[in-house]
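Letters A, B, C, D and E mark the chains as written, and numbering starts fresh at 1 in each.
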Amino acid sequence: MDNVVLDIQKLSKTFGGVQAVNNFSLKIPEGSLQSIIGPNGAGKTTIFNLITGIYKPTEGTISFNSRRIDGMETFKITEMGITRTFQNIRLFSEFSVLDNVRTACHMRSDYSVFEGLIPTPRRNRQERAVTDYAMNLLKLVNLDDRANEYADNLPYGHQRRLEIARALALEPKLLLLDEPAAGMNPDETQKLIEFIAEIRTKFNLTILLIEHHMEVVMGLADYITVIDFGKIIATGTPVEVQSNPIVIEAYLGVGE
Amino acid sequence: QPKAAEPEVADTIKIGFFGALSGDQAVWGQADRDGLLLTVNQINEAGGVLGKQLEVIAYDDKGDQLESVNVVKRLINEDKVSAIIGCNSSGRNIAVAPVTEEGKVPIISTFATNPRVTVPEEGTLMKYTFRVCFIDPYSGDVTAKFAMNDLGAKKAAVLYEISSDYSVGVRDFFVKSWEDMGGEIVADEAFKTGDVDFRPQLTRIKEADPDVIVMPFLYKEVALSAKQARDLGITATMLGGDGWPSSALLEMAGEAVEGSYFINHGDTNAPNVQAFAQAYKEEFDKEIEINSIMAHDAMMMLQAAIENAGSSDPDAIRDALEALEGLEVFTGTITVDTETHNPIGKAASIIKIENNEFVFFKQFDPME
Amino acid sequence: MILQQIINGLSIGAVYALLAVGYSLVYSVLNFSNFAHGEVLMLGSYIGFFSLTQLGVPFVVAIVLSVVGTGVIAIVLERIGYRPLRLRSAPLLYFMISAMGLSIFLQNLTIVTIGPNFRTYPDIISTAPITIGDLYIGRLDLMIFGITLLSLLLLTWFIYGTKMGSGIRAASYNMRVASLMGINPDLVVAIVFLLAGATAGVGGMLFGMKYTVYPWMGTLTIKAFIAAVVGGLGSLPGAVIGAFLLGITETFAAAYVSSAFRDLFSFALMILIIVIRPGGLMGVVSQEKA
Amino acid sequence: MNSLLEIKDLHVSYNGINALRGISLHVEEGEIVTIIGANGAGKSTLLNTISGLVHPKSGEIKYKGELISKKPHKIVSKGIIQVPEGRQVFANLTTLGNLGIGAFLRKDKDAIAEDMEYVFSVFPRLKERASQMAGSLSGGEQQMLAIGRGLMSKPKVMLLDEPSLGLAPMLVNDIFSVIRKVNNEGKGTTILLVEQNARKALAVANRAYVLETGEIIREGAGINLLNDPSVQEAYLGVKPTNLQ
Amino acid sequence: MSPYLQGILILAGINVLAVLGLSLLTGFTGSFCFGQAGFLTIGAYVATLLTMELHVPFAVALLGGALFSALVSIPLGLPTLKLKGDYFAIATLGFAEATRLIVENLEKITGGSRGIPGIPTKTSLPIVLVLAVVASICIRFYVVSRHGRNCVAIREDETAAQAIGINTFRYKQISFFINAALAGLAGGLLSHYVGFIQPAMFGIQKSTELIVMVIFGGMHSVTGAILAAIILTALPEVLRAAAAWRLVAYGAVVVLIMVTRPQGLLGNWELSRESLMAIWNGLKSRFSKKAVGVDHG
């Protein structure tokens, strides 16, 4: 059996009276690209928030590379190799595009707080390396020509790409993408599909994807978990899921 | 706005002034300044000193020590004044004392009652620093003696302002004298500058049932606390100090301070002050404060010193100040103690509030 | 004794509450601490004072003049000091600094124009305390208490019970989008400042009668600020509860521990509460949804 | 005859960067007009300019033959409402509160209640979440709320900025039928629609404009553009997927 | 140089030190600290007691004050740094007032509200200048380091900062620590400049004054804060003639800056050799263009 990167067991989360996630389990093997789909408010983003430690689970466990991470602080989880993008874009708006990425590179350099106060050759070297690395990432997402603009002024679609670049800068093992194609037109969506496929191999990523654009999910996912009201209602390969009547009934609807 | 006297002839004697003209100390700083300006005007009209006109250079320090230091440096180094008058707070005077020492310019404080203003440590003396007021140990002592001997009190309560060096000083010295004399402190309550409600403390004091309450702080707080005390049904006699005398107290506190006593530098109702007070009211359209009278007296000291020295040289003035003897001013007769630069022989007056008026009660001989 | 201290605490609390309500009201809309609120109160106190002494109008008229005056002053201050920032969606910190500037400006302007002296309100209504056995209750305190509760009720009804109120809350979240819903942001803000100013006007009169009038009487806002924080910034009932809690704490600290350390207890209480409940007692701690 | 909404030679710039460069377009009463274009083409800028959030450098916008006001709330009072991009619900109000704000300028209590029921019938999910704080709604729920809030104002013209953003496929279909329904075959609300789902947008639209880097490069009937190979290639994705 | 001018420069230098850390903490890390006077108090009293009671060398006393103040920031930060916006502001304000109250009450050690007179005046202009310049350079380097970027990220969006692996709490702690250390140092210098300290010197208005300097200079600019510290220290002296009106003017200027140039004097911008050169070149080219115009005209 493949090496399981992420292992979620019997995860539940309630907010007041709302059962947002209900007894949800999922195993993600290394190198796979899985997708979670489901109607609005099904609990997908909440699952991401639970994995990344922004919420604490009401019940259940989450393990990453066989280590329990539920209840850990967000930044520690990130340090271990899980990164995400946000459904509502959250860039550092007063930073330039480049600095958004450079900030995310903070783990690529290790000079101390003391060296922060006085520049040393080591610091300068590391800073230069980080800048080069960040520029390369920007090239990859086609934003290198806007490197010095404020991130806030980029159009929506570009901001999404920048968010992905920022996440990649952390060199994650597991990347969580929350609706990366939202706000993109079909053409751009197509490019995004290719882009995700590209970074997946290039960075050797395991990816968990939330998306409502079916062409993205169908084009990329190895395996799909469908949830509704926080519960799993179906699982399977894209082809299986697509033709599953329960899924059609609850989520896909009948095409025009 | 009252302006400093215009220099009519080029040859004037420059006198520096600093005080809180803005910020929450402004009442006292402005009273200081206005008292000084009026005095200087009167002196100038009478022909000046040594035939020269006096010129006041007044700076605001908004009650901040750092600014005091700055402005005193400026007075000494830039304006080259002959002497400085100010200010009403011990803290700021302690802060500027080293500056005047270094710049060798005499300074007369109006209301810095902390002994350490002139004598920072046992055996040392700030050679250039003088004052026109008596000091906290003296007030504390007189208050204690008066309460015990004249009022026959046995149990005293103290209410004091913990963030005010003046108030803490008087309280400390009062408590010491009182206990030395065998009195009992039944309540010792503090409040912070800016507080307006004293009822929690007063309720405690009421319970302790003292004969007298010592309230060494400024008249606004006196008025508020006195009123609240009476509202709570406290009947003990209230005793105060030189922060009390102000017509505003009578207006604000009314009935509440009736029958209280306070220790003062002199009698503000004394006939000799009235003409000055009248002129003050005409000039500035406000009632005179005790600070203005102290500023007047400080100026009198300075005038005498300059005349005695026959020169406006700061060092000569300093020497003359130190040698000053038996100078009649509004608040008594001043002789400068060469050891401490405190005015000796300044008798304290005990003032009683009767029928909403300040009434001279008795003279308190310091040697008593 | 303990009963008397509770009464003391409540009446001190009522004073804080009256200030804290106006303060919280502005906070609930613009999300910043209006440090100039105390100065509006101070101006209200002066307006009342001069109306009574110079114009010789009856007490009720003086209150009306003071309320109208402070309402207008508050609106004008908003126009000068905050609106330009609002239009630019400047960070909240800037509002606070601007407010500090206004506060310094007004306080010192009063000192140089009206003068730094204390002024005493004429005796208009009897301020003699009511005695019940051994207990003393201030008449003014009762009035302040009543007016505080009344304004709390009115304001709560206005904010939570009327359409304009929900418009105000919408605008408080996002003025841009609120304007897309047909809400006139300037009007909303003006109404809020008018109301906050009005509470300051009444407060100013009452405080003036209780504590005399002087240019820096607004520094009391610090206590109102603490009260509002304890209660939960932006929550009107919270502000009132926080204020009473603060009043009681101060009183009991002074009465049973040490009056010299009195404020230490208020600060300790405050830090304790916001550490346990980061949004204050009544504040909604909205967990951020990522 | 005046158009309902007429825009002439509109220029908008942000700190010197030109976002719109001489746009002219018109929307007739009862029409559904859609604007498609890549990210950053200036679609949102155009809608924001119409609703008064952004002020043009030059050019004019006329509504019923009159220049529109500069103040967003005045524009709303004329009957033009925008459903902004990226939801932007009032997080500190409940679902109901948000819908109430949508009807802020309306006085007709009964009709408001009716419309509320209508919104709930379109988005039953919102009814379930009626008293939840909008900030904690899921992304899609917020989007429904944003649209519902817009409907509550009973506008004459509705500016929709990517209404299908983040909605589940089934709901995306629903949204477009809601748009049709509101428009009521030209007898109801006039609609100016910005959409990334160009295929569906063009399918419901009477007419469409294609915006590229701040300029209109094509216009025509929705159907025509839908079948135009160049539009297909640039905006509809080269190879249509089986699900769309 | 006249002692007067020297005095003002010393104060300006001390203010620069007191403001640098605040710029890092409030401007860059986004935690609005309203209790700077508290750290000044601690630095001033600890340093003073070290010189007066233990007779240690001046340098050791300064260091002691700075260190003690910095250490206080740790237990203080533990519960408070998690607080947001106004809540943190009020908590730090409470800290400063509480510190003052404690100093007032510890009469035996601190002299209570009557203060400590007769502190040897060892603070000299060269010492202050060197310290201020060194600290400015260090802070300037810090904010452009990876650590500085992390601070700004926290200010911009704390959740997102967490999500890219930044230990937000730790970085706030570091900023708080550095701020406390520098403010403590400033306090020690201050007490040894004036020769007298008293709790009244460290009231709320002191904290206000310092925070205003940070904002005035530009929230996101170290050099802006430095410039503001110098200007705002000198301004009252320049306006001295205006007497009481100058505080009115001061208030008005603060409001004016906020509403017309809320990003502060320098905004995001930093004074540096490059930026000065850029301005210079800009001026030169404008000038030469004009000159060309004249030629042709």
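Rule of thumb we're sticking to: a contact is a pair of C-beta atoms (placed from the backbone, for glycine too) under 8 Å apart; a residue touches a chain by one contact, two chains touch by 3 or more.
Small disclaimer: the values here were computed from a predicted structure and weren't measured.
S.K.: By that same contact rule, can you tell me which chains touch chain D and chain E alike?
M.R.: Both-contact set = A, C.
S.K.: Smallest number of touch links from chain A to reach chain D?
M.R.: The distance in steps between these two chains is 1.
S.K.: By mean C-alpha position, what chain is farthest away from chain A?
M.R.: B
S.K.: Roughly how far is chain C from chain E, going centre to centre by Cα mean, in whole Å?
M.R.: 30
S.K.: Where the CA atoms of chain C average out and where those of chain D average out, how many Å apart are those spots?
M.R.: Here chain C and chain D have centroids separated by 43 Å.
S.K.: Roughly how far is chain B from chain C, centre to centre by C-alpha average, rounded to an integer in Å?
M.R.: The separation of the two C-alpha centroids amounts to 36 Å.
S.K.: From the mean C-alpha coordinate of chain B to that of chain D, what's the distance rounded to whole Å?
M.R.: Going by mean C-alpha positions, chain B sits 74 Å from chain D.
S.K.: For chain D, what residues touch not just one other chain but two or more?
M.R.: Correct list: 136.
S.K.: Two or more other chains touching the same residue: where does that happen in chain C?
M.R.: Residues 108, 111-112, 260, 263, 288-290 of chain C touch two or more partner chains.
S.K.: So which stretches of chain A touch two or more other chains?
M.R.: 45, 52, 54, 86, 88, 90
S.K.: Across the complex, what residues on chain B touch chain C?
M.R.: 22-24, 26-27, 30, 162, 189-192, 194, 196-197, 199-201, 203-204, 207, 219-220, 223-224, 231-233, 248, 251-252, 286
S.K.: Could you please specify the touching residues of chain C with respect to chain E in the complex?
M.R.: It is residues 27, 32-33, 80-81, 84-85, 88, 90-94, 96-98, 100-109, 111-112, 222, 225-226, 229, 233, 260-261, 263-264, 267-268, 270-271, 274-275, 278-280, 288, 290 of chain C that touch chain E.
S.K.: Using the touch definition from the top, list the residues of chain B that touch chain E in their complex.
M.R.: Interface residues on chain B, with respect to chain E: 21-23, 26, 58-60, 62, 64-67, 69-71, 73-74, 76-78, 90-91, 94-95, 97-99, 102-103, 114, 116, 120-121, 162-165, 168-169, 192.
S.K.: What does chain D use to touch chain C in their complex?
M.R.: Of all residues in chain D, those touching chain C are 51-53, 71-74, 76-77, 81-82, 84, 88, 90-93, 97-98, 100-102, 104-105, 133, 135-136, 149, 153.
S.K.: Could you please specify the touching residues of chain A with respect to chain D in the complex?
M.R.: Listed in rising order, the residues of chain A that touch chain D are 15, 18, 38-46, 87-88, 153-158, 179, 182-190, 212, 214-215, 218-219, 242, 251-253, 255-256.
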